[in-house]
């Protein structure tokens, strides 16, 4: 069990979420918005999807050195469970569900003749005697089996659940969003089970240039996306909250200083700032290599730093919002009443200001998430994104660009990254909208 | 509601008619102005703007592609003949070489190298060679230069060289060649070969000290002991000892003539501020001259009106005549009026434009390889039907360069003269399956290296005799890599059974240093790791930027690295010196990156260095190869094989890896190009129309909804 | 008013100074002058001497922040920091590490960037506002719902996909425009069409939604009710009153970015090989030409601050309620 | 009796599936009459008006058996044609003239717009007419105002502009929705007079919607009272005000504060509690490049008065006269105050740090707006004992809980409310909570900053009652800040009338109310609408 920096932070984040949830449990003023969120169908569906992605991400964040092999390679739980897919590497490109390689090769047939043709894949559809005829049927069959297995699994747990909470059956089944939610869960469970089943025999999304399974890459990329989206906010929040509130509440020179800081940071083109800092990390790592013996660690360091710098560049927006809001709040009569009552400033901050800006924070966090995931892709394109050895959609897209020029065109790598990224971002966006509509008072009353 | 739908219909019909009318022969995607269509203009590209176009500084392929056409050294490589042979370019004839001993007494050609103290090259120039027209030469009635002290208001009206209305030329003299040599020595210039030349040319070192403080423009008058002005058309260069390769240097732009006027002209601050410098606007004698240099967009070469008469070669290799390479024999050069280099960063657009006929030639990115080339049964390659259909021609040539995986010999683990390390190196050499590497990453565009020398370099051996016996066996007519078992056996002998160090019991971890960090490289790096894993070795990649990489190489912190070398000139010396102890990177900051040091090898090298080609030189070369193969400081990687595609209208093509001034020989059939482009670029419109219709389909119900809302009452 | 502007300019100075310090620290931690020299001098036959000369010439031989050899004020003046940043303040960007005059390059490359960015901005603005108005006009109908969904979908697609896809389909398959490149004068149009279209489409998602919320906010204001009480139709209210008021935040939002248009768009430009400042910056980053990057950072900050000033001024122009003091 | 101009039958309005806000009401408006629809906030009177003009927000559900205007069935008219009705035949003016005018459009354009919409006139004619209208609504210097923007006008002028807009279409029916509530008393009066005059000129019907019975009693021909969505009583002015039938109406009338109800306040002197001498509150005006302070806005400019223990000083004045600044300045809630403050003989200017904090906490404040004056995120219990926690950290939680219970009882709120959130309470109840919060720290002085002006009359009476009782029990003193001079009589012992930061009249209640010396005070008093019963 080795804990990388990002892992630690991720689990810290999860912990904080739990704590926060526990603390806010049953707070009256939250009940209405939360109720609103739970009531919205799309919102809940997207939430389910997010959670699903999140779980994959978590699985991928538990790293350890496998006991059996002597190499000091660090792998995650996810890697461990998908070892088969991970190691079933072809030689080069192969299209989804292909049994043959995608590019011709010289093959010496048994009778010693040299042939220029498409060779069979080492793993993809290797179990088939005669792919050309049997393949489709085989795929269908395997898919059906996998799906039913998944469905069975789902059904089992569903019934288990019901039997556990007999009395709360109503809430489980009758909630406005209950039906679609269960539906989507069903689809996810059985769908993913099906995919897992299939990728035992085929490369579901084909393979890339070095014959690595694209499906595996896409799944691995999930963690990167999530880390960027979540850790960045984790880093930027303290800055934004503390500075924003202080600037708004104390005004005067405090305000001036803080404004100065974030105007300065804002005025520097973000990309350039990021570029500079990424180079800085590389230098740092180059200078003391001994700490970064394993590729994973190096990549992780860079990822962390990317989040860090993204956080530094992106806190200003929220900070400004909070400042404005605090300026409003501090004029509120209940704050003045508190002052009249002789309540100390920091207590006023904690008790009156902070809770009343929470919704802004929440909203901006969920809104930022998706944009950050998108940003990662762009940055990777300019080679100042995540480490090239980390799996990330950005990197996938980046290499896929060149494949677009191939004839016949290699589309699956691009498509895979597109699909996964799109699903995540879409879910995030929809969920963000739901949250905003629920928590933003202005919207709350005008509908 | 009805009205609107009618409107949309009307609109559609309009568009359709318009489209159909203009459809037949319009080329919407033509990136060039139509006026150029008929001319014999060659379109090429550059991905990164060349850093220097000053022949004294420039030292990289992409720069040579330009200045090779502009500057002319005294000698050049024959365009057609193989093996590469030198011929006079601006010189009247090949140089007269004479040897002297320490006392300055002339010696016969037969004496052996060690008692030769000096060699003299007497170079005789053609008469009547003139510089390209250039404002630097422009004079007024009184015969003093117009533009050598530009006034402010003159400067204001000037943004590029074109803005100078007056331009003039003058004949080239030996002085100009000598002046260029002097420039090489000037510290301000940072000529990359300065240090090298100081080792060879007599008196250059002293000269450079002498002028270190002086302005560039004032050095013309100061003499160099080793370079002598004989007369208008003759000058003499004296070098230390015997150094036959020196003639090759004389065929490189470093030794092309340079007019002192140019330096005076360009040294004006006003121009420098406007990026008008010798580095960007060359002044040469060659067939072409740089008329537009906008490194942010395009560079344009145009025929040099003052170009001295030059003619297409009339004899070549056997088979050239059949290939139609001699049809233009004796024709006056150059054929192409204008060459346009366009900034093209991305490979995809370039490739697509090439297919659309907007570029005349193209390399093959590994991604578009399958599209272009297929291999016939016997490993030979040919174009795909698609390409053949377009009439595209394919040319291949093995580059005179080598890529090798170097072991830092100073490193205790992999380096050193110990048997243990040597075995380890050999094991790795076997495990690294370069055939697969070539297949995967280079689509078979390369040959796995058997030794230091690439094909086409004197001393290269083909067939069974040429294989590296420690890595390959000779089986059914070709070199076959030894099986991995052999490697494992070696590992055991070395004491790394299964990759476990028998001393420490730890898994063996090796470090691979590279500057590569692109996403494509990731695949490559993974592949390396896989190769090492075959032996149970764990390879740790230490990727960093190029600077850090070089830093490491200099300080010798690297363990394993991959590097390449591109021949400066076709001589084995230019490769073996990469392993010569005297060039050790860490010790002497030389090019011997592996820091390999082997007394015997060095001795042989010093011997071989200054011999003419001949049987005994060959013998020495064989010995050296053998030593290197045995010690395996390098893991001989591969010699890349250049594939290039040319459109059917592009003629007189023969790959020449040494010459860089081949543009003048090439020919373009403009008319053919025009009609083919038309044929290939018919724009497709129907999707647009479909789109418009769909949009309308969305809008109409919207309007309905609005009207319905307006109509509704409260009841 | 004048006083206000003057004050803002004075305020800009410490900002720019801060920017300078920050970038300076970043970049000179990143790599030492020696590295720059090696980077620029290329790989073959590079000697220490050459490196020294190079540094001499570029003025990188000085100490970073404090020069002990010198006396008095020179202790500060004779340093890389002083030499490099003070000139920036005077907009003398000096010589790039690869030896070109940066100022001249910027002057030259600014226009292509603008040629892409400005049409993009204007067309985008037009399209977004129309779409948003449509949504507001049909609010509550299936049309609004579907277009919101569409927007979210458009938002969720990475801009890279738009570029790659657009180039592939329109450029390669349909052959409607040149795949990439640029040309001066009117010929530029055929090169610009595709990038502009692509970036507009990429922008619709977020843009239209954002404007829609602005409009909705206005729609719920009292004066709109008044307008309708006057007897204006839905459309009239929308165009005469709502649009008029909503334009204030929109316009001022646009004004901020106006100066930054010169900086161009990083990816688009390098994809379509448009010789603008965007691609210039990217190259600089990849080539680690820090002289250029520093200049661009500075330029960017200046433009940004200028943008802020413009915003305030534009407020006073479009919104009668605002007065600068 | 003539034919009704507007007939509404069985009108009900509901917002998304909730129960009816307006519940099956019917009434008529006759040509040329003034019909007043009276009711407290949330009784659905505005909704009724809006629903006649179809200006309800989208999520409203309207059902009616009949809405006739001049013999025309409004329900049958399609949306597109309804524009001909709005503004042209039925016009409406709204409560808040600030928000109801387009901020970025000149006054002239906003009026002209109506004309150009309903009459096809030439530009010149339109402008001409617009100026006439401005004349008509008695805006000084119309030529200039024509080009002004709303924010450049005073509140009264804005409302006049609104009226001008309404008049532009020469409507037969003018709906005035609380036309004066947002204005000061004096302005209020002028506006009402203007409306009356105009009605006389044009002979249009005026449908007045108001919560202010007194005001209504002065001008309405017929009155209808609404209580949560229903019309409980309707009748012509006399009948209505002389003998109201319905209990609710009677209650309302009873609740009206009346000037001459100054009860026999105890005159005997008490020790002084608070003594202000030359108290100032200045807001700096910054100008120039370095934002130097060039001048001050003198919100409170040298005020001096004395307040005795257990008594109430009413601070009366119109908006912007500095009364609120005075109150807040006193509690040091705004910076930049000067002048000596003697509290129980101790000069606060001398005190420092915690001492000051404790002393200050003996002065508490109750704000005007009961919605923004409590943290929505806190339980009422927490809100009340906040002061205790802050000042007496030694008190145990249990004791504090008792305290809270006790306080709640004092302000007649159920004990259970300690565990509920503010938004669950009505305006009146919230105001009670605020009072409880103030009481928690055992203050000697409570500054009541317009505590009742956001409340309905009936509630207002209760609150005042509560305050009185508390004064009786605990001998509190109040600094009672209000713009409504009518309330003063109910509670104050002494009155100070403020104008432009200065106290212009200061004296005992009766004396000030009965025979004021100062001109301004007199105008204030006259402006107050009094229930006129003929």
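When the chains are written out, they are named A, B, C and D in that same order, and each has its own residue count from 1.
Just so it is clear, contacts are C-beta pairs under 8 Å (C-beta built on N, C-alpha and C of every residue); 3 or more make two chains touch, one makes a residue touch a chain.
Just so it is clear, the structure is predicted and the values come from calculations on it, not from any experiment.
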item	value
Pair joined by more contacting C-beta pairs (B-D or A-B)	A-B
Rounded Å distance between chain B and chain D, as computed from the means of their C-alpha atoms	85
Separation of chain A from chain B, taking each centre as the mean of its C-alpha atoms, in whole Å	44
Inter-centroid spacing, chain C versus chain B (mean Cα positions, whole Å)	36
Approximate Å spacing (C-alpha centroids) for the pair chain A, chain C	28
Per-residue overlap in chain C, given as positions that touch at least 2 other chains	31, 288
Numbers and ranges of chain B residues touching at least 2 other chains	346, 348, 352, 545, 548
Multi-partner residues of chain A (at least 2 other chains)	279, 283, 383, 401, 404
Pairwise touch network: line, ring, star, complete, or other	complete
Chain A partner contacts - residues on chain C that touch it in the complex	14-15, 18-19, 22-23, 26-27, 29-31, 152-153, 155-161, 164, 168, 216-217, 220, 263, 266-267, 281-282, 285-286, 288, 293, 296-297, 300-301, 304-305, 308
Residue ranges of chain B in contact with chain C within the complex	28-31, 33, 48, 51-52, 59-60, 187-188, 190, 192-196, 272-275, 277, 279-280, 294-297, 342-346, 348-349, 352-353, 356, 358, 545-548, 550-551, 589, 591, 681-685, 687-688, 701-702, 705-706
Interfacial residue positions of chain D with respect to chain B in the complex	54, 62, 64, 67, 74-80
Chain C residues touching chain B - in the complex, by the definition given at the top	31, 35, 38-50, 53-54, 57, 98-101, 103-105, 108-109, 134, 137-138, 141-143, 167, 171-183, 187, 190-191, 270-273, 275, 279-280, 283, 287-288
Chain A - residues contacting chain D, complex	27-29, 332-334, 336-344, 347, 351-352, 355-356, 447
